[in-house]
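Common to both upcoming complexes is chain A, partnered first by chain B, then by chain C.
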Partner chain A sequence: MAAITTTAGRRAIPWGWIFGLGIPALVLARIYYLVNVVEVRDYAFFIGAMVQSLQLGSLYALIALGYTMVYGIIRLINFAHGEVFMVGAFISYFLFSGAPFALPWALLWSAVLAWGVAFILNLWRGSMTHPTVIAGGLVAFAALTFLLSTFQVNWVAALLLSMLFTGVLGVVIDRVAYRPLRGAPRISLLITAIAVSFLLQNTGLIVFTRNQTPFRPETDWTAFLQFDVLGGTVYTSRLMFLIPILTAVLVTALTLFVTRTRLGKAMRASAQDAETAQMMGINVNRVIATTFLLGSMLAAAGGFLWGLNFGSLNQPAVMGILPGIKAFAAAVIGGIGSLPGAVIGGLLLGFLENFMTALFPRQGDFPGLTEFKDTFAFALLIVVLLVRPSGIVGEDLSEKV
Partner chain B sequence: MSDRETLLDMRQVTTHYGPIRVLHNVDMQIYPGEMVCLLGGNASGKSTTLKTILGIVRVSEGEMYFRGERADTLTTAERIERGMAVVPENRRIFPKMTVRENLEMGSYLRNDRKGIREDMDYVISLFPRIGERLNQMGGTMSGGEQQMLAMGRALMSRPKLILMDEPSMGLAPLFVEKIFEIIKTVNDEGISVFVVEQNANVALSVADRGYVLQTGEVVLSGPAQELLANEDMKKAYLGDV
Partner chain C sequence: MAKKLFALLAAVLLGGTAFAQGPVTIGVNLELSGRFATIGNATLQGIEVAREQMSDALGQEVELSICDNQTTPEGSINCAARFVDEGVIGVLGPISSTMAIAAANPLEEAGVIMISTSSTNPATTQIGEHIFRMAYTDDFQGKVAARYAADDLEAERAVVFRQQDDDYSFGLAGFFAEEFESLGGETITLDFVSNTVDFSAQINDARGFDADVIYYSGFCAEGASLMPQLRQQGFNQQILGADASDDSQCPVGGGEAFDGYILTGFGGADVLSGDAAARAEDFAAFFDVVYPDAADFNGFTLAGADSYNVMVQAVNNAGSADPDAVLDALQNLEGYPGVSGDITYAGTDGTPADRTIAFFQYSVPGADGSEWTKSSLFGIGTGQ
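Now for the complex of A and B:
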């Protein structure tokens, strides 16, 4: 009898089980080996690594959400998102540190952001010359100039204001750079995104600083913390609570927004089928502006927490690049376009980065994997793209017509 | 009929896609409570007519009035607020939203919660199958159920005029008849219906009047019975022997 092979007859390889059980088993075996056989680490060290992973993973998740939301709705990989994250971090820095922000630059930022506020109001009032819109823009301009050039606020206010300003900046970017290109080939949009990214990097160099900047707001949350567990001591800081909890709050708020509110539902509808959404009377441009607002707000929160976590900000031209592309990798790994995917991808990346270095420490002639820390994200990205191109929780891409 | 007030009045409407003219001097009227069908072959401009009425495609020459008001300058959202609703081609249900959320999208521009709830109940009473599946994802429904859902979604805006694009497309013949029964039911409630359809037989058997479109021009129009009896019509579209 001739052998007939069909895809239906062949068993699908249960990658989910292999990865889901196999990898944790390997990790546990390796930990056991390091602790009990060669005795170079104690269990507390790995608890510490877990805590760190959760912190870093939360930060990646916050940034990745912005990539995935924008991609979901206009199919654009927003390469400027890493720079939006950078701007968010620096704005919060200038707000809490009271460092001098030269008046001309404060005026420039205020003008851009005030125009953004007016534009957002116009989306609801229907005209840029509506009295409410003009008044809103002027008030925003005055308040921003005052705030940026002279005012010093505590870290909570700095975080919230930075989220607000950066959110508005996201809307301005969409309106100025991306909206004129709706309907243009996707490659044009992509190149524009890269241009915006360079623009923000260099504006940052001129306006913010050219140096690495210490990031130390007055808060107890950065205080050191140590506790004994499993016969060892974990050295960490109170940020182990602040970062994951704040991330969870923001992610929950975002989830409630897209599942419970009218605008949030309109956002999902537009992501699934923009033309039909328009036929229901949904103002798709307003929905896209909201997407940029929310994505950029999350990036700003990520930027602030990033500063807290590392105690300093890299100089503006480079700060956004690596976190940006890693978070982009996280979004693709989780399944781009999917909100839970971005969170899962971000956390996974945080764990991967910390555990690969923790599991393979310097040992004799072996130098350890610390030097290769930044490559893991992209190695995982390649593996995921080979095995499951739609990402971990992503929908089957072949479904899209 | 011409002394009655029109619901929708298209006067010498011409539209373009870029430099290409699609509709040419189309005159078309829909009166309150009427069911009008627009027939024609492929690429005759049927869907474009519907998109023009809805404001997705702009009128380049001519005028359009909806409920006595100049409408060709209004945005899509404004036209929907004034009483238009659409059942798009291929139904276009939001696949990853629940049936309930799909219905809510139909009432997106409304703010009267009580009225929305009443209309939700009304849609469910009209299509009990939808009521049973409120929490199911739209994409998991069968073609017929999706057609009902698309119809229900349109009704959620409490429209004066429902625009339907090829409701019979991709459905089994038995279901096509059922869908047109449903359309008739909705029409009997006093809501005007404008159906774009290739299946001329079924459409004319329930419609009051019909227009026939050929390469963007109205070549024939009249009461449905007359069109059914028309010799040219029989040869070209009805496929009768």
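Now for the complex of A and C:
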């Protein structure tokens, strides 16, 4: 509020309008120039780039939501989130491919996750020794061991189960690594998050695989698709429908959950002021566990779609790093702590990465911007932090990240 | 450093006789984990099968000291340091040029013989007189691929995909482009880095160029992502690869996108002639007995086996385990009957004089109902 009163005397410059209309206008002008003046591209090419941007942006948005939710509630940059995304992708791979998951590792994972299931139930039942909690844990253990070690499911079930498992893993990470540090300085929490990230990377190397892994579930959604438009051909696949639609469904479900349910209301209350929320009778630990559950579920969905989109998964130690920090950048660009901000940031990043390289192609001696592809996210991050540190839709940040 | 000095001092004091007492130890520095693990393990199996066939040198058992460099240059240097400490008689591997160049410098400095099984970058053997290789070099490999593209495929415009952070890929792409251009073709080179999964930007660059052949000088880890994306984006041109694609990770990881993919690689029994073909066939049969379920039997397996064979042969020729004598024997090796053809180091920089490169083609799914098959088209000798 203070900012508004001090600038009230001057005429405010409508930066929002200038950027909102100016940048698309520049992009269109550049497209017109490339197509009609130098004739190195056709319009169909840019429609293809648009489709790709939407796919990639949706993936970033799904991961960014996890960062932003956790930050909103416990003010933690969860650096392990990129690795949670990796675990989600690999679990779905093991479920749909029927690739052997060595029994000892299946037992270990199942034990960890069954404990997570029991812990989640305990948040409602009140005690780890409650019969429902113990039964839930045992059933989860048996089911998980069976699923991971021998069972093969179709891709929809793999996606849903992987979301479930990864969600539980998120809760376990919170319980084991973050909850004991609730009162500790924020830097301890941050370092712990980095430690969890390394732990998951190396566990992934041992448990999953050391190699690049093909990711081809039996589905028609990856079939190639070509259509002629505006005198050119757009090359894409049916994923151009699946990824944005699935993302929209998940984001809508999340929004409905946060705005329409009691637990969602409790989440918003805890995000505003955790202590006061606790005084009003809200079980904050339950709320935080829910946050990790939902954030990790979205990351798992992102991981599955990522694999589908690119057809293979990088080895576990590197797979989560770049998507993870890019999605984190997206969350900050959109305004960390804000759900619409994460989606907007993710989509913006998807468009930025595809259009920067599409708009400045290799021409004569100019090598194009292809090699700088991975830097755009961070360049934009720097610009946003300098110009508008709270992000595009974020509220004023009183604390530094 | 002190350790190295001590080892050197010990070697000087004890002389050659000290080595002859114990078993003959050969170091094996390979990419057994990490990105090139499938190739590294194929090579190791080749070395082990060769050892089954010929387990003695100078009447003593040959022992292998195996070191996994984890497909990192640092790991490779660590392995080299370990071998210098152990006082091995020679080192086999690494397979890739990046790791080979990293290990070659400390080994050359310490005066330890190294035979890289399949490093093809010309720079590797130029590091010093102790550094040998079993493969041909990339200027040859790039040239034959370019000639094949220009003459047999009648291509005029080539897109070259190059992995910027790898010595092998970077060098090979250059040799291909150079030869292809000198034959009147046009090329563009598109760069990517290791662990890339999203090639949309490179593919967009390729789109404007209207190529009629695609040359891929990288490895399977990235190729398995790139080829399906190329096919999806409407590129149906012939794709040519190099020996790094001679790896089951390619057809397994990339699936049907590798159907019809042609690659150059280390020639086996199909393309060798006369006695060499018979030896290669015998070796393949013996390999099948030792490793019936091996994921790969390819050029890397043969290169591994022959590196071991010439190493042991050099020790036997020298008549002692004295490093200088063994080096001398290796440098004068002529016409050794290896399983990948005759091997001659006499008068070369450490690259065997006559190697046979083969053109292979993948079929996915395979002809006989298997997941994939690899058939050889023809072979070309380095002499030709």
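The rule we apply is simple: the second predicted complex is superposed on the first by the 384 of 401 C-alpha atoms of A that agree within 3 Å, B and C clash if a C-alpha of one lies under 4 Å from a C-alpha of the other, contacts with A are read in each partner's own complex, and residues count from 1 in each chain.
By definition in this document, contacts are C-beta pairs under 8 Å (C-beta built on N, C-alpha and C of every residue); 3 or more make two chains touch, one makes a residue touch a chain.
Treat the numbers as computed from the prediction; the structure is a model and nothing was measured.
In the superposed model, A:370 lies in contact with chain C only, and not with chain B. In the superposition on chain A, A:30 makes contact with neither chain B nor chain C. Legend: residue contacts after superposition of the two complexes on their common chain; A:238 is shown touching neither chain B nor chain C. In the superposed pair of complexes, A:283 makes contact with chain B only, with no contact to chain C.
When the two structures are aligned on the shared chain, A:125 is found in touch with neither chain B nor chain C. The partner of chain A that touches more of its residues, comparing chain B with chain C, is C.
In the superposition on chain A, A:262 makes contact with chain B only, not with chain C. In the overlay built on the shared chain, the residue A:273 is in contact with chain B alone; chain C does not reach it. Across the complex, chain A is touched by residues 33-35, 37-38, 164, 188, 190-191, 195, 197-198, 200-202, 204-205, 207-208, 220-222, 224-225, 228-229, 231-234, 249, 252-255 of chain C. Residues 40-41, 45, 49, 52, 56, 210-214, 216, 224, 226, 233, 235-237, 310-315, 318, 353-354, 357-358, 361-362, 368-371, 373 of chain A are the ones touching chain C in the complex. On chain B, the positions that touch chain A within their shared complex are 54, 56, 76-77, 80-81, 86, 88, 92, 94-97, 101, 104-106, 108-109, 153, 157.
Those residues of chain A that touch chain B in the complex are listed here as 262, 265-266, 268-269, 272-273, 275-283, 395.
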